[in-house]
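Several structures are given next for inspection.
Two complexes come next, and they have one chain in common, chain A, joined by chain B in the first and chain C in the second.
Up next is the complex of A and B:
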């Protein structure tokens, strides 16, 4: 079977714009959580967010696209440019129909949509932008990336809330296995406007804390909900053989395993599905828990959800059996961008052999049985990572990533007749 | 709402930029009067957006059928300045 490898990353996060700025901030433990400035949130119970700072859309988005794009899509277009540039400049050699785009989304471009609804109700229908017809739509990031880079291969969008970034990559891998050489994937989300805010508050899971360093505390006994951020990561996935053929400058790692499950209906008495997703992803990668060097946890920051995830992790790996980290404590949960950013972070961890820290949780609750990487990075040279994500509504997703430096572009070693010498 | 005012090419290019942006490699300040909107990089949705702005700013009604035939700035300006279907005038 073909192998799906990651050859390009583009990151836009509240604590760093651009992959390396984000990675540097993350290793330094710098948070992007702060009081909301995008709109006046003082009338709402939750007032903190992870906002991207210093993004000047006009520097990244062509003039013709400005009137027809939401803030979310502009960030996605910039991150896609970076990811595609990172993957190497010779993408034009690939056939248009051999490149697809599969991204994750949650509510679509709600800021654009809110503005046009306000125009409709306050001024009348002739004041509604014609671009509202598609600019709000949750498939819009996929569509705009596809148009801009002339990628006409199989494309789509997945909506599983915070699990979406992983589900999109799982779907991208399906396309690679069916013979598509390259898929631009991941997810970027941005819903920091009243219309994006109110439904999150209604979930009852958002933190109402005022201190950014005490607001989002996954796996702490003081956990009090999550903080929302904006941004995410665009991730270029390629068929390993095709990447080698075109001379891709680097391979971050292989998408070695993927699985998704749904939680049972409330009251069914059956266990939640996160552990089963992790087990299935490991089986898909033909790895055992012993082979995993780090877990990037979902880290809901909600007591019951933290308990469920801790049970899944310590049940699978044994008590304190694997290093666990939640770098999203520095960005907030990015909705459809969150799991994509975690995957990018995990790939950077594999690249540099260092596990980024979880901030603001110096004292994880001992009864969770987790070896949480707190305060500072841990130099343990991880070679494989398990990334977990849960989306509101019962979605669970797990992704296994593996370094490929011993055979960067090799096809599957299990079926290769003439194995290459180790490098 | 100055229904009697003449809309100039400068007015139109301003509205094109505001409503639909400017295509890379195109200079709207150049000699564009007889260049088709298609060649200027504007698709039908962009034109819908621009026409919307013209109607709001100048209070002129521009029926879809007539707008579709005005495929250059010169033709569109002629249509606009012919008054179209002025509100309250019929």
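Up next is the complex of A and C:
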């Protein structure tokens, strides 16, 4: 079977715009959480967010696309440019049907949508933008990236809330295995506007703390909800052989295993599905828990959810059996962008042999039995990572990443399936 | 290669709740489009839609479900229950994580979101909407992946679940996604389909703004006229279709009734325009070619094409171009129809409703017609099955979809014996 490798990253995060700025900030433990500035949040119980600073859309997005795109899509288009640039891919040399786009979405381009709802209800239907029909909807990032880069291959948009970034990458790997050479994947989200804020308040899961350093504390006994941020990562996934053929400048790692599960219906008495997702992803990668050097946890920061995740991790790896980290303590939860950013972070950790820290949780609750990487990075030269994510409503996803420096471009010699080449 | 059988069907559609009513409408050639009754349509350019007469209590939903679920989610749950019962599958005997869920939707819980927006914004008067008036379910509506969770719970499914949202190809793509999951071995059973309940002022306004919807308001039942020279645009619809898909051998082993096999699926993008289509239909043709290749079938084997047929001139030309490009001379021989002429265009749901129609066409040997096709556009020279259903045994059926974002998808269904 073909191997799916990551050859390009484009990161837009609250604590760093661009992959290296983000990575530097993350290793330094610099947070992007702060009081909201995008809109006046003083009336709301939650006032903190991870806002992207210094993104000037006009520098990244062609002017003709400005009126038809939301802030979210502009960031996604920029991150896609960076990821494709990072991959060093000359797209003109790839077959047009051999390139796809698969992204995650959660609530769509909410700010654009709010403006048009306001236009409709305060002024009348003739004031609604001609772009509303597609600018707000869940497929917009995939559609705009596909058009901008003339990618005509199989694409997709998956919605599983915060788990979506992993599900998108799992789906991208599916396309690679069917013979598509290159898929632009991941997720970018941005819903920092009042109409994006109020539904999240209604979920009851957001932190109402005012101190950015005490607001989002996954695996702490003081966990009190999460902080939401904007951004994410666009990730170029390629068939290993095709990447080698075109001389891709680097391979960050292989998507070695993927699995997704649903939690059982409430009241069924059956266990939640996160551990099964992790087990299935490991089995898919033909690895055992012993082979995993670091776990990037979902880290909800909600007591019951933290407990469930800690049970899954310590059940699978044993008490304090593997280093666990939650760098999203520095960005907040990015919804459809969250798991994609975690995957990018994990790949950078594999590249540089260092586990980024979880900030603001110096004293994880001991009964969780987790070896949480707190305060400062840990130089343990990880070669494989398990990334976990959960989406609202009971969605679980797990991705296994592996360094490939021993044989970066080799196809998997364990199976002999011959993929169909796209015409 | 593992194969995929369609073993259970469930629908909520304009004209009737349930598959029996759905098929009766489709074969009658009647149209369920009417003047919009859900809100006052008078300010809008297009004032017709295909609405479902859906009573959630009569449909068997509990008060908790009715409160918790957006209309689209309600459609999905009701359809899923019908499909599961129809399949005769005893899910209690299956491993829960071998059952997955794939639900398509283009605009999610938009009706509930708009209703709640109006409340928290005081009728659009305030940008800083007021959280104190928000219903507890608001976040469930905000992230429509919750609809897939609801369907999963119907079947006790604990395998992979997702909402697939690729605009108006969401329905086809969600079923295609389900097919891929069964084939790759991740699951053995999928609850697969799509749902949409988009008939609300904001949807009407955004389609008005680009003149995508028809201005033919005077004869509502004649509003949607795909392939007719007088067509004026699409007519919004709503509804859901959910299917039980099973790995072929296990379905056969348990003696399931197999409606059809899903033999091929492919999706492509035109990378051209978020809403525009080129007349040559090049990328849709490519999707059709790829689906045929996957199914191992020649173009000449296709006995019926369920068209996208949205009722716009741009679509009609695009699609006709695609059929000629991919099917060659056979495009002129094969019967083609658009059921959107009868049930409107339910955006993300319609692709799944059309797959169900294709399975039923194979099952019953009847091809649904294109209603309201009195005077074919002279530009279009294929057989679009005008007005009345056609009795014709068909073993291979093609269904296509085209959506905002540039998405083009094609699926091939075959009779249960064709590839055995």
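Criterion: the second predicted complex is superposed on the first by the 412 of 423 C-alpha atoms of A that agree within 3 Å, B and C clash if a C-alpha of one lies under 4 Å from a C-alpha of the other, contacts with A are read in each partner's own complex, and residues count from 1 in each chain.
Assume a residue touches a chain if its C-beta (ideal position, glycine included) is under 8 Å from a C-beta of that chain, and two chains touch if they have at least 3 such contacts.
A quick note: this is a predicted structure, and the numbers were derived from the prediction, not measured.
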item	value
Chain B versus chain C as contact partner of A:303, first or second or both or neither	neither
First (chain B), second (chain C), both or neither touched by A:107	second
Contacts of A:394 with chain B and chain C, given as first, second, both or neither	second
Which of chain B and chain C A:62 touches, first, second, both or neither	first
First (chain B), second (chain C), both or neither touched by A:21	neither
Which superposed partner A:129 touches (first chain B, second chain C, both, neither)	both
Touched partner set for A:270, first chain B, second chain C, both or neither	second
Touching partner for A:144 - first (chain B), second (chain C), both, neither	second
Residues of chain A contacting chain B in one complex and chain C in the other	68, 126, 129-130, 133
Chain A partner contacts - residues on chain B that touch it in the complex	17-24, 41, 45-46, 48-49, 52, 55-56
Chain A residues touching chain B - in the complex, by the definition given at the top	62-68, 126-127, 129-131, 133
Complex contacts: residues of chain A adjacent to chain C	39-40, 43-45, 68, 96-97, 100-101, 105-108, 114, 116-126, 128-130, 132-134, 137-140, 142-144, 146-147, 149-161, 164, 167, 171, 174, 177, 194-204, 259-265, 268, 270, 273, 276, 280, 335, 391-395, 420, 422-423
Of chain C, residues touching chain A in the complex	43-44, 96-97, 101, 106-108, 114, 117-118, 120-121, 123-125, 127-131, 134-146, 148-149, 152-153, 156-167, 170, 173, 177, 180, 184, 186, 201-202, 204-210, 212, 266-275, 283, 286, 289-290, 293, 403-407
